[in-house]
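Presented below are the structures under discussion, each in the form of structure tokens.
Each of the two complexes below includes chain A, the first together with chain B, the second together with chain C.
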Partner chain A sequence: MVQGTEAIFLGALRAGGNFFAGYPISPSTEILVLAAEHASRNPDFKFIQSEDELAAGNAIIGASLAGAKSFTATSGPGFTLMQEAIGYGHEVEVPTVLVNMQRVGPATGMPTMPAQQDVLQTHYGTSGDYYPLVFCPNSVAECYRYAVITFNAAEESLSPAILLSDGFVGHLNEVVDLDAIEVEVVARSRPPLGTGTRFFTGLAHDEKGNPRTADAVIYKQWLSMVKARHEKVAARYRHFECQGNDSSDTLLISYGIVSRVIAPLAGQFAMFRPIRIFPMLGDELREYAQEYERVVVVEANDGQYASLVEREVKRDVVRVPLLGGRINLELARKGLSENLGKEVS
Partner chain B sequence: MFKDLLKMELFPTSWCPGCGIGQVMIQLATVMDEMGLGHTNSTIISGVGCTGRMAGYFNVDGVYTLHGRALPVAEAAKLVNPDLKVIVVSGDGDLTSIGGNHLLHAARRNPDLTVLCNSNQVYGLTGGQAGPTTPRDTRTVSTPGGAPYDPVNLQNLMKAGGRYFYARTTVFHQVHFRNCIKEAIAWPGFAFVDIMCHCIENNGRRLGFKSAYEMLQHFRQTYKRATDGAETLEPFEIGIVRKG
Partner chain C sequence: MKKIIISGEGGQGVRVISHTMATLLTNLGYEVSLLYDYDSSVRGAMSVAYLTFDREAITNPVIDEADILIKLSDKAGGFLARKTVCQTGLCTDEEIPFGKLGEEKFGREIFGNMIALGRLMALVGLEFSGEELTAVLPLKYKEENVSAVHFGYFLKEGDLERGADSRRRREFDFSSARPGAIDPDDEG
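== the complex of A and B ==
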């Protein structure tokens, strides 16, 4: 039996993670405790219990620059404080991993009832334009596998990458043989601090790192280079699940824990589950959505992903929000029945 | 030569004519040169602000972090690579205000970092607003009636823990200044150098100084050396207090 949080931590170790900084916050605290215990037994694994999430978010950047594969784990309010570090990591092009175990918000919200209310925050939470790679597991096995993949995506995109889970998946206990999960590990590419004369700056800069804060041409070249790199990396991870249904006119889209909870509805609907939730799987969504008259997004927030799906498929999408930390099949059935105008059993 | 440690091709720097930060940069480069520190064994990490730009002028790997976050970045880098000499340079506004919580806790955890704090007692880059180190009653653009609060006592803050290194110096007292940097770099823990520095354009002129030279003369006349072995630096005393 392995718990989701433990699988994430073990996945991080499998990926070569050797630095953790964090601040205790439920429901992610188990990962911090595991990191502390691991560091106490393994001197090569470094650990800081930071004074706050601002420090933790920036510490993983410093550790990465110094040569470590670094990560942190937090929940909604802490993730909000880490937004500045996420933006900084994108500007400076620093690979690192942030694990967000979502809970009901805004603010302190309902600690620690599970939610999916940080979906938009993962993509639109910091200033400027950036193109984060975000993965959303729905099982303990996937927690492990996608922890490794998030590290790989961070290395390949040279940016902070995000494993977006929730308190429900994080506290799932499932029987799984983690050693049997085959994953590749991408190595560090950038030489650590203390080997060159580089300048890593959060200011807009040229290819040498020298600040260029009033040159639109250089800025646009930089942004398009970064965007192209993220698109290239994203193309390697077109991860999703799909189950067609010839007898249904409706496609249900869900991700993370909600996709597990509503899995029994597969006989009545076609199902689509994005695992790489950002960048959006636009082509795939359009391809599958065109087969069905109606597209429905069931999610544990008030239609955050639905609004983005709508933009991709270019038509109205039905929203079925599961709010207040109560994520169960009965509520999903009720919400679907109300929104689709027919009884869903 | 200290010049080898600087990216001279980027000169002139972004700082105003008469700014004291150049002095901090030259003295740091001089000390690093003397101590054999360079791009293979050192990194300079800064916060945001005028002083923050210094990291980009050194011929070592430099990191210009976010406002206030130099210490978390530096502490993590040092933990990952203990052999690396990690030097933090930043302004008093950055380190004590927006980075104040990190300063408090970095000092408590006592990592082997050297922190050079450029104390010009004002937010220079944003045009001269008051900060936590601005003396009471000082007129700035954000305190037109005079700063209403007593400034933070950095010496006492640094001495709050059982182990500390706090040096106060000025950009005028160059030999003393260099010695402070040298001893701070050699100190095996968190070493904080509080450097009294002048900002003529966004503070000095408003205070009535006509030139950077006048501000330097002010440091010369106001600051005196503390007696050897003093455990506390009195106001306007320069010196080092430490406990290992």
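== the complex of A and C ==
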């Protein structure tokens, strides 16, 4: 048996991760502990327990600039503190990986209770326009696979990429042969530090790194280039699962642990599970949603992903929130029954 | 598919019971999912383990209604179960004074969790060797743990009144005399 958090750490190692910085926070702490233990036995693997998440977020960017494949693991409040570093990472075009094991918020909230309440924070948490690549696993095997893929996406997009999980998936133990999981590893893409004059600035800059703080032309060229690169990388990872149902007029959308919990409803509804949460799987959502009269998003927040699905499919979406860390099939059935006006068994 | 919930509070051994059981099931060739659900206070606060096993892959690891609920404390409540085995005073199904037995028979209250594990193994109908059990038990107090599991495994109605045999033996049999056992592979 392997636990989700352990699978993420081992996936990070498989991807070539060799620098971890973090601050303990439930329910992600196991990853930090594993990193500390690993560093104690492997001098090539570097570990910092930083004074807070602000420092951890900046440390992984510094380590990446110096040539490391770096990563951190945190949860909602820590992820909030890392937002400034995430923005800096996008501006400076630094590949790094942030693992967010979501818990109930806002703020300190319910530290060990699972949630999916950082969906919007993941995409809109820092300032400016940016295009994060975000993946959401729903099993221990996927924790491993998507840890590697998140590292790959970071290298390919030259930006911070996010593995967005939750307390239940992180604390789930399953029988998995990790060695049997085949997944490609993308090599380090950015040369360490470079040579000659170097300037890594969070200010808008030209291609040599010189600040260009009032040049709209250069800024728009840069943003266009970054956006195109992210779209190209995202196209390689159109990862989702769907299961049609000719006898149903309703499509259920769920992700992460909720998709496991409501899997027994597949006989009654069509199902769609995004694995790449961002960029949104707009084309895929529209294609499948058009076949069904109703679209429902079941998620462990108050409709965060539902609001984005609504924007993509351009019609009303039914929200079934599972809140307060209680995520189970009975509550999902109850929520569906209330919102669909019929008994869901 | 069989679904087991072990409910207690931090420090009682919910994790030890569930992890030991899950590891044994894994070694016996089952698909297993084990999910921990606990409060951030940890010690003294609610701690729950959802353990599901089957011959097929498991879809939903969160249990709504268990086949067996082992209830060591009332810190977490509201679980539905077809069969409940509880610390005395916490249910009306099968009450066992785990902590008291642990202290009386093996010298420490904490061995009550191994007695609960033995009772759970018997109810699930698992058959395994003493070596297979020894391989998955915690290293510390291993001999006492094996004895306590054996005690719980063969605990029968009336034992509590008579005082069950807790003699420590080197060879244990976990393949017969399982009162109330269910078939682990029965889909009913």
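Everything below uses one rule, namely that the second predicted complex is superposed on the first by the 342 of 345 C-alpha atoms of A that agree within 3 Å, B and C clash if a C-alpha of one lies under 4 Å from a C-alpha of the other, contacts with A are read in each partner's own complex, and residues count from 1 in each chain.
Here is the rule we go by: contacts are C-beta pairs under 8 Å (C-beta built on N, C-alpha and C of every residue); 3 or more make two chains touch, one makes a residue touch a chain.
Since we're looking at a predicted model, the values are computed, not measured.
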* To do: Give one word, clash or fit, describing how chain B and chain C relate on chain A after superposing.
  => fit
* Asked: What is the contact status of A:84 with respect to chain B (first) and chain C (second): first, second, both, or neither?
  -> first
* Looking at the overlay, does A:55 come into contact with chain B only (first), chain C only (second), both, or neither? -> first
* After lining up the shared chain so the two structures overlap, which partner does A:260 touch, if you call chain B first and chain C second: first, second, both or neither? -> second
* Asked: Does the superposition put A:46 against chain B (first), chain C (second), both, or neither?
  -> first
* Who does A:330 touch here: chain B (first), chain C (second), both, or neither? -> second
* Asked: Is A:171 contacted by the first partner chain B, the second partner chain C, both or neither?
  -> second
* Contact breadth on chain A, by residue count: chain C or chain B -> B
* Determine the nearest approach in Å between the Cα atoms of chain B and those of chain C after overlaying the two structures. => 27
* Structure fact -> Footprint intersection on chain A (chain B / chain C) at none
* Structure fact -> Contacts from chain B onto chain A in the complex sit at residues 7, 10, 14, 39-43, 45, 48, 53, 55-56, 58-66, 68-69, 71-81, 83-84, 101-102, 104-105
* To do: Provide the residue numbers of chain A that touch chain C in the complex, in ascending order.
  => 1, 26, 110-112, 168, 171-175, 257, 260-264, 327-330
* Partner chain B, residues of chain A touching it in the complex -> 19, 21, 46, 48, 50-52, 54-56, 58-63, 65-68, 70, 84-85, 88, 92, 192-203, 209-211
* In the complex, go through chain C and note every residue touching chain A. => 19, 22-23, 26, 30-40, 58-64
